[in-house]
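The two complexes that follow have chain A in common; it is paired with chain B in the first and with chain C in the second.
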Partner chain A sequence: MFSESFSVLFHDFRYAPLIIQIALIFIVIAVVATLLAYLSILVARFRGYRNDKRLSKLQPLIDQLLIEHILMNESLNDPNLLPEQVQLPIEVFDQPVFQKKWARQAMIDRLINFRKNVRGAMGDQIRNLYVQLELDKETLKKMKSGKWEKKVQALYEFTSMDMSIADVTILPLTNSRNRELRAAARHAYIKLSKNEPFKFFDVATEPLLEWDQVELFKIISTTEHIAIPNFAQWITYSSNKSIVSFCLKLIVHYNQLSAVPAVVKLLNTKDHYLRADAINCLGKLKTETVEEKLVYMYDSQPLLCQLEILKALGRISSGKYIDFLRQEFLHATDFEVRKHAAKSIINNQWAAKGLVQELVDTATSENKLILKHSMNPLIKY
Partner chain B sequence: MSKILLVEDDEVMPKIMERILHREEYQIDHVTNGKEAFAKLEETNFGYDLIITDIMMPYANGFEILSKVKNRPDAKPIPVIIVSNAGNEDMILEGFKLGADDFLKKPVIPGELLIRVKRLLMQYR
Partner chain C sequence: MTIWETIGKIYENTIFVYGSILLVTYALLAIFSFIATRAYARKAQFHEEDVLMSSPLAPGITVLAPAFNEGLTIIFNVRSLLTLNYSNYEIIIVNDGSTDDSLEQLINEFELVPVDFAYNAKIQTKPVRKIYKSINPAYAKLMVIDKVNGKSKADAVNAGINAAAHPHFVCTDVDCILDKNTITELIKPVMQEKSKRVIATGATLRIANSCDFDAGLMVRMRPPKQLLPRFQEVEYIRAFVLGKMGWSLLNCVPNVSGGLGLFDKEIAIRCGGYDHSSFGEDMELMTRMCRYSHDNKIDYAIRYIPKTLCWTEAPSTVKVFQRQRTRWARGLAQLMYAHFGMFLNPRYGRMGMIVFPYNFFFELLAPIVEITGIAYYIIMAILGLINWPTALWLLLFVYTYSVMITTIAILWDQLTFRYYKTWKEALYLCATPFMEFFLYHPLIVVFSIKGYLNFLTGKKTGWGNMQRRGFQTTVKVATQK
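Now for the complex of A and B:
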């Protein structure tokens, strides 16, 4: 019966016009693909549901064991012992469920979650438990995995548990071609390397993307006891432009005045963007000695650098170049140039009190508007 | 017995806090978001001796709870401690501007939290 109907269908298909044959093939492919897609969604959801169900049973058990036997165990608070020397009652975790890989992963995730919330003696005991239960070996396996997502997960786990990783393992990853892995490795390196957290700047050939810079900046500025080097070394020697640009921002953040000579040298670079970053850095460091050079080079610069020079003169606010700023404000044709010149005049107004009023009285209506805009302390640019 | 309202959407933190504070015989009511916190405060007529709140939570954030609690001119003042992951300068200053009595950045040291809770409860008694 089935073979009969199949042969009829096959016969119909074989002798159908070509266009119908093509359409039928497409229909079959579409139906099969849709069914496969639905099936894979169903399988993924079922796995997720099963995982949630298993975790909902396991997590209270982990919490209870952890709180009862580790975190609230007064007998573990021996002031004569270092936290890593305390022998924890790990036998309470010696249960069949913890032999399973998923349960051990759930345990690692929970420990990380606890460590995000508590530090001090409790935080040390959580780390101690992670080591004594040999969960670090699970993480190390992930670190050796060929899959990049496993490596990222391992780096996250090691960083959260404040576990050191050998330079030979982590440094190559800071230069990985995979963006996610590269970022995770750099973050981990800064967090875990207490002596030379910026060593990867030396080997970085891949660019630091804007978002990487934001993340790195957050880590650098929030990590405690981090050894801050003189960033001028990378300004001078690094061939990676994004590293130089990032170091300029760090020089400003840490107010490293010792780096000023290296930044001044960078004014001769052929890269306009780097030069603009260098001018921005000098302005924010309020380097008065560089004002003359900035004004001298102004006319030969592209717009981007000219705007940074105007901003720098406003930030340094020495009052020496107010005539130059006035000239640019009155005669420049570019709106942005006039806007930044006006803002810098306002910042320098202590040196020429009558000038602002004179400009307001004599300026064109558009320039008057720019001046009033610049005088508003709530508007920052 | 002092009554503490804990507003925290993380699952682990309340467990730790309950253990630390319950041991000292504080009664803790835990809610997981700003909306529930408002409901609890209305329901009890602001009958708490201390509020411990996170900042970033669904429905209403910690700052909204803080300003509601602190803007009751003729009512009994309730101390508020902010416990949050967000430790940037702006957040901390905003918290204190709105009247927070203390700010603790996560991860917290349990002993420190306990001492700060005790100190504030004594101060407002």
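Now for the complex of A and C:
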């Protein structure tokens, strides 16, 4: 019966016009693809649900074992032993569930989570547990994988557990063409390299993207016991503009006044974005000695740098260039220039108390509005 | 062969080629969107969401939201904007001459006072009456511009752009609810770009109608219960996850939605801001920004992300829906007319050679092709010239193909984000494309034709403010349950 129907269908199909044959093939493809899509949705949702469910069961167990046998275990606090010498009760983790790969991964994730939240001896014991349970070997396997995702995950795990990685392994990755891998390697290098955490700045050929800079900045500024170098060396010698730009931001963050001469030299660079960054840096460092040079170069600068110079004069607030600011405020044609000049006049008003009132009284209505804008504490920008 | 038979033959062959190209394009978009969506998901797992939360290096962003008679939801929505996870941002609400009590509500709720703000009208707009800031430090990020009604969203947003302090602005509608990480997600492609200048970033929008919201946050996502909004949900998934993600891989994104998008302020201003006379101001601005970038040799990119960052209330009645789609269609016709010089113009690169021809043939002409096709079909049927088995097989082919494409879009979305709490809700949505072909698509065609006619006749129509039901209602209902 079935074979008869099939042969009739096949006969009809065989002698149908070509366009109908094509349409029929595509109808079958579309129906099968739609059904497969439904199946995939169901399978994906089921897998997700199953993962969530088993993790929701396993995580409390991991937490309980960790808290009971590691974190709250008084017997582990032997002041005569180094943390890595303490033998942990790892037999409590010798449960069938932890033989499974997903459960071991869940354990790694949980340990990382705990380590982020506890410091000192407890943090060391968590790292110790990671090693004694041989979870570091799992991470190492990922590190050797050919997939960049696995490598990134491994770098993250090693970094979170403060496990050292050889420079020869990690340095080449800091210049990887894959952005994620490159970023992870750089983060790991900064965190794990005890002597020269910023060595990759010397070899970086790939640009440090804005996003990378934010991530690196967070790592640098939150990592304990990191040896902060004088960033002036890269300002002077690096040919990677993004590294120079990032170093300028770090110089401001660490208030490295010793780097000022290198930053001043950067004012002669042909790249006006970099020059603007240098002016911004000098302003934030309140480098009074550079004011004269900034004012001298002002007229020959593009708008971006001019605005930075005006802001810098406001930040430095020496009061010496208030006449220059006044001139710019009264005579510049660009709205933004007048606005920043006004803001800097307000910052420098201690040096010429009557000036602001005089300007308010005599300025054009638009300039008066700019001044009032600049004086209003409710308006930030 | 008579002349009519010859014309008929030419028409049939043209439609065959047209349809085949369209089907191949959809298939390619499905593949490209899969690649782009998976790439996004793989990379996103390694990025910390909160990295910009407290960073002094976070670039400044201005969030712009125009409001016209949004009194029902305005407080709720502004509170939602104030909860965004980002360190360096300001919110500008532009009250576009509302005739309800929107402004009074804002003044009272957020302790606003008028300030002497140095407003620089780089883009011409209707006059700004007053600018308000809050005396409460908790709302220091908020600024409200009260201006004379400009009879368009474009005019209101342009006023906001003029007052924006930061180099990028996020444009949204005040009735939209944003994901708390919206700003980070939108600025990320800009900050991760190596060599191109990202002039705009968009993200997926979804329908808010049946979702639950609490204190301005989306807490439970559901497919809309009503059929019309549910059709729109499916359409949005197809348009954003499949269409725009696919185009994004080729750097050929035709449009960043007016509901949510991040834009480069300098380029937006240089090309004159939003066009207040346009009915599709978002697409029009995007086209002009691309055109400006090409003309000025700026190596630009437009990026899209598949993650849903914005929920908007969709029209739930045919009347309101008609108004919206008629306006969109008219905007498309206006855009094609105004920028026809870009059509197949190699000077405009992919924009001129891919995006514009695609929009012209498969967006603008599609409803016309469909209407003429139906008319042709009817005439042939009356004349008894239709081979019914062949016609029905071909119809079935088009039907199954359209269902497949939409289901694939839902699949990509589900594989990447597993939205909706239960599998029943996901399957409920999957069932919608089966009806879309018969119930929803004809509406779109008719309303598009109406929009084109309005464009051709120059019929006067307004901004088309949508009658909102408000999200608070949703929350209350959810709470009562």
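Everything below uses one rule, namely that the second predicted complex is superposed on the first by the 340 of 381 C-alpha atoms of A that agree within 3 Å, B and C clash if a C-alpha of one lies under 4 Å from a C-alpha of the other, contacts with A are read in each partner's own complex, and residues count from 1 in each chain.
As a convention for this text, a contact is a pair of C-beta atoms (placed from the backbone, for glycine too) under 8 Å apart; a residue touches a chain by one contact, two chains touch by 3 or more.
It should be emphasised that the depicted structure is a prediction, and the values quoted were computed from it without experimental measurement.
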*asked:* By the touch definition at the top of the document, which applies to A:Met122: first (chain B), second (chain C), both, or neither?
replied: first
_Partner chain(s) touched by A:Ala33 [first = chain B, second = chain C, both, neither]_ = second
*Who does A:Glu292 touch here: chain B (first), chain C (second), both, or neither?*
neither
*Of the partners chain B and chain C, which touch A:Glu134 in the superposed model: first, second, both, neither?*
neither
_After the superposition on A, what does A:Met72 contact: first (chain B), second (chain C), both or neither?_
first
*Which of the two partners, first being chain B and second being chain C, lies in contact with A:Asn113: first, second, both, or neither?*
first
*Mind telling me which of the two, chain B or chain C, contacts the most residues of chain A?*
C
*Name the contact category of A:Glu358: first (chain B only), second (chain C only), both, or neither.*
neither
_Touched partner set for A:Asp63, first chain B, second chain C, both or neither_ = first
*In their shared complex, at which residues does chain B touch chain A?*
10-13, 15-16, 19, 23, 85, 87, 106-112
*In their shared complex, at which residues does chain A touch chain B?*
63, 67, 71-72, 110, 113-120, 122-123, 222
*What part of chain A is in contact with chain C in the complex they form?*
17, 19-20, 23-24, 26-27, 29-31, 33-34, 37-38, 40-42, 44-46, 48-49, 149, 152-153, 156, 179-180, 183-184, 207, 209-211, 213-215, 217-218, 249, 253, 335-336, 339, 366, 369-370, 372-374, 376, 378-381
*For the complex, which residues does chain C have touching chain A?*
42-43, 45-48, 51-52, 55-60, 90, 113, 115-120, 133-135, 140, 165-166, 188, 190-194, 389-390, 393-394, 396-397, 400-401, 403-404, 407-408, 410-411, 414-415, 418, 423, 426-427, 430
